[in-house]
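Here come two complexes built around chain A, the first alongside chain B, the second alongside chain C.
== the complex of A and B ==
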């Protein structure tokens, strides 16, 4: 049994077309992994930056996993949402990144995309918002069916993760 | 006569303890340093320097007459527990009559003093304490002067802080349910602001005091002096100001007034030291707890870990295609596959190729960027067949092509590239530049613009060494390309092998051997130097002997 601690934060997001953003996040792991403590999913507050276009959430991530194998290394998936002045929520981007496998402190920039609808949908999106979303959110962290998707590039989510590994060297794993 | 080494450092010291604070004991020794005590000292231990003694006797003699010699007031020692109340003469006088008692605490003190009187008076004489509940503690914090200014008044903030401090005692422990139900208090009350606008570690204070008034006139408020301030917060942080006098000298208090009497005092930590057996038992309990917890975790997960076969290396890569930037057309997608050289294998379920989604670009700076964040996981094995073969293993290569798809579903090749999978474990971010083949002349470019399609590589491995290539020189003469954009990959590599296990243990073993060798080698080098010296000396002697005799004789004659 080897253990992984992930301690860090979702710092914020930049590069989105409008502010007032929040983020839903989750960590997906394979079957050999077990969550010992911490929360594996969550949602940040809505942040409305006043000057910059960077929304800061500083949302904590603190999870402790134990594993029997390397397969299914934790994957962090994100959804960035926009809340408009009427309180309606609109999807702004899906993002994904692997939890780094080397111990230490990592600054990660996680790029996001959003599904693109037909041109009628794009037109209506421009005026009233909304837009298509993924039916199954596992497509965010699975590569298999991605080719069916038509997406457009959105902003970037900034993460800071510190990874601590334990007992991996006991099983001959170099990280 | 030895001059006492005064401790001038009256700064506080911070201690941390996990023990309950009620175990804290402080021993205070208070002693008057006046002519009388010095005289007594010298009478008892005759000094070896009679001259000096005479002088000091003479200078101190005049004061001696002024303050009477009373052996019982020379020294006082007390062991004080945490928040233990020792009454001063002033307090005894005050609380004895019931009419002066107003608060419940006063009444409590009244009872205590009556009890004391019955049991034969108080034990302490000059040393007394103020506990956290006493009025002095609040007053002291409220009216504490920090400058020499005579008109210093507590500032607004100081008053507020004093309020806060007093409030802390009355405060009940927070229950989390209030905060869970509402995160933001939209209408904070005055009290709420006061309580929450400062760092809120509840702290308890205790003062050890001394009444340094003249012997027959004890109980005057202006003769009270603080010997020691002890603060303890709920996290077990103990602040003692001034610090315990360990090996350092005693502290001194010089009284104001015409006599300028001098007092010295020492502070000692007199808490009961934990017994050895108890300590061991505690350690054992902790060890037991930790091992239980470990067992519990192993029960949850299982203690085994998937291992590789001996003699094989498992390369495990968590990768993602992050982005593609700088391409001419919009709506990009990437097609990639992994090439495994000989002696590499992968489990049957492993996908070795993939296609990303089609992504419309956005403009960042000057570049048009497409974001994919496309995950892939590669798990491949390298099996070493014979160790004799000297050649390094070939490493797997990831080939990819970037394509664009337009509104009319025409696709164009945007670029080709390859990534050598990193041979070192760790996190790698790689940005790979790409190119695409062009045909000479404008016709093909026109065709590319209007109807899509462009020259393509039949075999993607041509970007590196073609798989069909045989020979000793690879020539691409006559092949024309154009630089296009770049693709960013993020690869997290893990390597697993039994050999690492052995080598890491080997490393440790080697280290210990080297450590042991270290001693030998040093001694060895010493021997080496000696030996070299001997050899040089022998050679010199030989050279001397081989010299012609007359040369030696002349040199001796000159000398």
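== the complex of A and C ==
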């Protein structure tokens, strides 16, 4: 079987309206993929930056997959949350990006979005916080079922990932 | 030079480089410790696994960077890229009472492709989670620290930590790998002659 290593970091996030952010992440793969070692999901620390408005997490990622097919190439899905001074958490954005298919080092910027509620919900969100969340978090990385969803743009998550492939050329796969 | 084995089982990762400089706008007179964190299949063959730099201060002139110019030189061997080594840095400096307190922790993976690379990594310190702890730590002049700096290279158990990022450290690396291709690993896109020729300019400070 061919093997894929994804090694790198979730560096941080920028462009969000306030700091004190953290990120929940996970890697979704198709059925032919098997996780050999490493963590498939996790949650970063909460960063309160002092220098600029970029939250830095430096969260390490190191996963090792074996695969029998190319369908369902790994996707990284992210949820950015804000933690206020009372420890309450609020959703700030959803996003996903494909793990690059070419080997080597990649810097990725993952854009994020947030569901919008009705105007009453938006008004109450402005004053008391909170806001709508997805019931089914599969929607973050799936294209089906997104129609009629109202969203708005949020910030960007910055990643650095290295992709190492093994035995792909033995099966004639050019990546 | 020894003749390369026909069927290698291990690959080598040779790293040389330096901890160049740091930017900590609020602090001065800092020193830096480094160590490596790597997986079970990895072992260092030569070189120093940890070190402590000199204490450096900012130039009184225009320059606001702290310069260490501290060398790193180590070789690892492994059978599996999982657990690829990370360098963990911790920066310390005196507080107003002259006690050494931590000014930042940070970690980054050793670059994966042969060639020369530059990395700027964010540095952060843990924060107390409760107001009472914040007050007592201010009163006693003591700051929360990690008992083992190596936790910053681990992905587990970070959801309970709150941190404050307050600086950057710039590192430069020269990486040489051996036998990775023979073991079937592709680390750079096909048809690209040398990854070091591609622009690897760092943008981490600007992400």
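As a convention for this text, the second predicted complex is superposed on the first by the 175 of 175 C-alpha atoms of A that agree within 3 Å, B and C clash if a C-alpha of one lies under 4 Å from a C-alpha of the other, contacts with A are read in each partner's own complex, and residues count from 1 in each chain.
Operating definition for what follows: contacts are C-beta pairs under 8 Å (C-beta built on N, C-alpha and C of every residue); 3 or more make two chains touch, one makes a residue touch a chain.
Keep in mind that this is a model prediction, so the values were computed, not measured.
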Contacts of A:92 with chain B and chain C, given as first, second, both or neither: neither
A:70 touches, of chain B and chain C: first, second, both or neither? first
Partner chain in contact with A:11 - chain B first, chain C second, else both or neither: second
Which of chain B and chain C A:112 touches, first, second, both or neither: first
Which superposed partner A:174 touches (first chain B, second chain C, both, neither): both
Which of chain B and chain C A:32 touches, first, second, both or neither: first
Chain B versus chain C as contact partner of A:102, first or second or both or neither: both
First (chain B), second (chain C), both or neither touched by A:142: first
Common ground on chain A, meaning residues reached by chain C in one complex and by chain B in the other: 36, 102, 169-170, 174-175
Chain C to chain A touching residues, read off their complex: 25-26, 39, 80-84, 86, 106-109, 111-113, 121-122, 124, 127, 129, 152-156, 158-159, 161-167, 183-190, 192, 195, 200, 203-204, 207
Of all residues in chain A, those that touch chain B in their complex: 1-2, 15, 32, 34, 36, 66-71, 73, 75, 94-98, 100-102, 106, 110-113, 116, 141-144, 146-154, 169-175
Touching residues (chain side chain A, partner chain C) in the complex: 5, 7-9, 11-12, 14, 22, 36-39, 42-51, 54-56, 58-62, 64, 83, 87, 102-105, 107, 109, 158, 160, 162, 164-170, 174-175
Residues of chain B that touch chain A when the two form their complex: 297-298, 300-308, 314, 316, 318-320, 322-323, 331, 333, 351, 354-362, 364, 369-377, 379, 425-427, 490, 492-501, 504
